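Listed after this line are the structures, all set down as structure tokens.
Both complexes below contain chain A, partnered by chain B and then by chain C.
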Partner chain A sequence: MRIKQTSLIVLALIVCSSLMFAGTISGKVTYTGTPAHQKPIDMSKEPSCAKQHATPVTTETVVTGPNNALENVVVYISSGAPDDGQVPAQAVTFEQKGCQYLPHVLAMHVNQELKIVNSDQTSHNIHPLAKVNREWNKSQPPGTPPISEKYDKPEFISVKCNVHPWMHGEFAVLNTNHFDVSKGGGDFKLANLPPGKYTITAWHEDYGTQTADVTITGNETKDVNFTFKAKAY
Partner chain B sequence: MNTLKPRVLLGVAFSAAVLCVILAGFAVVAFAQDAPDVGPKPSVVLKPMESHIGGITGHSADAKMNYRRYCAGCHGDYGDGNGENAVWLDPKPRDFTIATFKCRSTLTGTLPTDEDLFNTIARGLTNSNMPVWSTFTKQERADLVAYIKIFSPRWEKEKSGDPIKVPPETPVTIDSISHGKALFTKLECWKCHGPHGEGDGPSAATLTDSKDNPIRPYNFAQGKNDSRFKCGNTNQDIYKIFMTGVDGTPMPSFADVIQPNDAWDLVHFLRTLQVHRHSKENEVLSAAHGVIPPYVDKNPAPAAAPADNKAPGGGH
Partner chain C sequence: MAKFFAITILVIAILSAVPVVRNTWHPVEDVSSHGQAIDDQLSETMWEAGISFLASQILLAWLIWRFSGPRPGEKSKSFPGGAKGLVIGAIVLVGVEVFALGIFGVKAWGNIYFTQPSADAIPIQVQAGQFAFYFRYPGPDGKFGPLHADKISEANQNFFGLDPANDPESRDDIVTAEMAIPVNKEVRLLMHAKDVSHSFYVPALRIHQDFVPGLDLQLHFTATKVGKYEIVCSQLCGLGHYNMKAYLSVLSQQDYDDWIKKEQAMQ
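Now for the complex of A and B:
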């Protein structure tokens, strides 16, 4: 009996340790040099949006934070991930608010449900300029239900509204569930990784792409940083 | 025995040599300008395609010479819209490699039916350099539809969208026109098309197509009795234009936001924007002394557009 109990405990420990994927890759995305000046947006042609902003908003091609942090960088595992093709059940939401897209960069898994919401008092048309996926263009008046869509191929897609030409966003449709988008401090974190050799990619809509190779052996946290060179214009 | 003087011989030989050099020069130039064979780029290998329109089956293999003779000049040897004429054309010729088409009876983002492409070739595209191809027989046209499909792998992997159902048209009355005008305002068509549909709305000047070329919204008041739309001429065609959207352009689909009967009201109003065209709608409007009464909603919805969101100006 004791041998059986011991071996059961040992078996449980082995199983448990292999289930506890707590390897993490985290770090900061920063920039060097001087980023181009972001231009203020004139929304006077759309008064219902203009009045929502006490001071005019600027373009969001390059969004920076303190200590040279670079925001809106999509960091994801581009190879080596044990992705089981699991499509998350919950939808991601893209909101049109104050004639801007929130968030500016939205990352999602292939075939994950994308919900598009119009919170403004004006009509928008939602026009993602897909080149690999299908390009569609739909009108979304105020007060109409959310639009539900999905993309079946990985791609970085520019999104625009033709009625309000200053509106610009990006969809990152990815083949993996291990992704993050850098925010205020430029931080990103990819968690719950089993041991393995990974390549991670950092993508910025203007500054391009960088990769790094990272190996996880157990439950450690590996620190990986990306530095992009700012463009003058 | 008279032999030619040496100097004359030398002269003849020299002239012949010069002539040879000139001819060789032409040959080199002609060879360099020899167009590549038409079809998908060599790196893209697609199987021969077919089309089915009514009882006719088109075969891509049979259209190759017609494409080369009539189409490649604009649409390009590789079907990418970069034919040698393209630099002088606005709008640019269609790029068949991405399989996005303006005139469809299918939902936005989906492939057109074979019949949609067949009709476009026959009808041409108003306000563009795509001619009315009345020179082709139906079989030739069907073969060309099949040929277009070899330029994009989407035709192998995806089925054409289902054509939308166009319900029977509702009667043309002043009430229908009045409701159509209310919809034109509520759905903010005027932001691009302008309050009188003249293509001068507040957003018109900044519009670009999906390849970032500037593009103008349709001007309903243009032309005389012959004024037409890009994707057809009938009320059914107008219905399909805004219910499927004009893909590749700023014109979106309104299929999710207009009910079918309301859509006919909008069609009837749009016809009255074609001020120089004789139509049933313009007759009904004349009979009402040219005045469109304000629309009275018998079942008012709770939410109303705010005051600062109205179209400027009034009716006709």
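Now for the complex of A and C:
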């Protein structure tokens, strides 16, 4: 009787404590130096897209924010956290709009559903250049339903459109649910971490990767910053 | 029955000749300096082939009308000289016609392909790749920097594979997605394909040239009227071929100078 009650209590405590993991790694991604000038994109070949942009959009290889913030950096736990194995039920969406890919960098978990939407009046042919996963390309005329796909191996995949050469994006297929993509202020946050020794990796499509080792002992927030060196061309 | 057939042949022949003679579907206005010779050639071909067509159809109709359904006792007639005579006659007639068109055509062709561009022609490079045309102007230094295929990065708008970090002549090159040229100035077009075969076709300029992968080709021409024209790819190159085009603007000298400045600023 007592053994059963004790084990129930212990079980309840374990379950509750795992829900209470509040270790956080957060920080900022910045750059030093002068990034290469992002060139304006001329969409005159596709008038239905060109007219959606009052001023031409630029390439998004390097997107910066105030105070040297670097955007579109994927920050994730590369070792130390056991793979949750839990594939999120929610799909991630990659949109073709104004002949651009939105968002420019999309992070997802292995086997998570990827929905590709065409919001333009022209056909697109999305071609993710996978080398580890299966490489495919799919045509998507305007008004057709979203394409549903998934990747079963972790990989960083460049994405291009076979019809519109200027379109470019990136998929980050990761083995973990602990990831974030830096936005306007260069900030990232990895939350709900159990105590442990972690290696986090910051990946930028042009500036490469950097890693940092972080140890979480309880519910604290550890501050980790990454600084990338800009390239002139 | 045969007479009805003969009438039908005549009617079809005449009806199909009418829109051609009346020039109902005429080609787009020619705005090039060399296009007149091509238009003349097309016109001559149409006349010669057209007259031969009408003559042969009328002859056929008459022969059917006259010699079908022989009256009793009438011996059937044959063409003088028999089949051999007919065949020789046809070969000579058609042969002379085609040969004549070839001789006149060679002049129109040679005028475009076997003449050299003038020394002050504006050099413009065009690269055809699936599925867009991109153009490069040499910039103030007048020189094109070298191309490096391994440096091509469409994501960074480096369509030609320039290496400005290491090639000083590339630094002022102007890469554009549309082509602009000044009116009445000769242009020397340097063409190459990035991947598969494409074709550069501007109907108004009477310019039509295939891109063959591996070949560097040249064309020269002069546009004589300001306007905006379409450059369409006319060689099936893949799933985006239907959508592959660029715009050519023929501008006044002042507008062209402004355009080049604007494009240079965007590099």
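Rule of thumb we're sticking to: the second predicted complex is superposed on the first by the 214 of 233 C-alpha atoms of A that agree within 3 Å, B and C clash if a C-alpha of one lies under 4 Å from a C-alpha of the other, contacts with A are read in each partner's own complex, and residues count from 1 in each chain.
The rule is short, and it goes like this: a residue touches a chain if its C-beta (ideal position, glycine included) is under 8 Å from a C-beta of that chain, and two chains touch if they have at least 3 such contacts.
All of these numbers come straight from a predicted model, not from anything done at the bench.
Trainee: Given the superposition on chain A, are chain B and chain C in a clash or a fit?
Mentor: Overlaying the two complexes on chain A (C-alpha atoms) leaves chain C and chain B clashing.
Trainee: Who does A:I147 touch here: chain B (first), chain C (second), both, or neither?
Mentor: first
Trainee: Where does A:T61 make contact in the superposed view: on chain B (first), on chain C (second), on both, or on neither?
Mentor: second
Trainee: On the A-aligned overlay, A:G85 touches which partner chain: chain B = first, chain C = second, or both, or neither?
Mentor: neither
Trainee: Touching A:V163, do we find chain B (first), chain C (second), both, or neither?
Mentor: After superposition on chain A, A:V163 lies in contact with both partners, chain B and chain C.
Trainee: Which holds for A:S139: it touches chain B only (first), chain C only (second), both, or neither?
Mentor: Both: A:S139 reaches chain B and chain C.
Trainee: First (chain B), second (chain C), both or neither: which does A:Y233 touch?
Mentor: Once the two structures are laid over each other on A, A:Y233 reaches chain C alone.
Trainee: A:G208 in the overlay: touching chain B, chain C, both, or neither? Say first, second, both or neither.
Mentor: neither
Trainee: Name the contact category of A:S123: first (chain B only), second (chain C only), both, or neither.
Mentor: In the superposition, A:S123 contacts both chain B and chain C.
Trainee: Applying the touch criterion given at the start, work out whether A:P40 contacts chain B, chain C, both or neither, answering first, second, both or neither.
Mentor: Touch status of A:P40: second partner only.
Trainee: Pick the chain B stretch that clashes with chain C in the superposition, from 9-17, 189-197 or 261-269.
Mentor: The one stretch of chain B in steric conflict with chain C is 189-197.
Trainee: Considering each complex separately, which residues of chain A are in contact with chain B in the first and with chain C in the second?
Mentor: Comparing the two interfaces on chain A, one with chain B and one with chain C, the shared residues are 45, 122-123, 125, 139, 162-165.
Trainee: Help me check something: in the complex, which residues belonging to chain B touch chain A?
Mentor: The touching residues are 98, 100, 107-110, 186-188, 191-192, 202-203, 206-208, 210, 245, 247-257, 303, 305-306, 308-309.
Trainee: Show which residues of chain A lie in contact with chain B when the two form their complex.
Mentor: Contacts found on chain A: 45, 47-48, 121-123, 125-127, 129, 131, 134-144, 147, 162-165.
Trainee: Under the stated contact criterion, what part of chain A meets chain C in this complex?
Mentor: So the residues of chain A in touch with chain C come to 36, 39-46, 56, 59, 61, 122-123, 125, 139, 158, 160, 162-166, 168, 232-233.
Trainee: Chain A touches which residues of chain C in the complex?
Mentor: 129-133, 154-157, 159, 164-165, 176-178, 238-240, 243-247, 266-267
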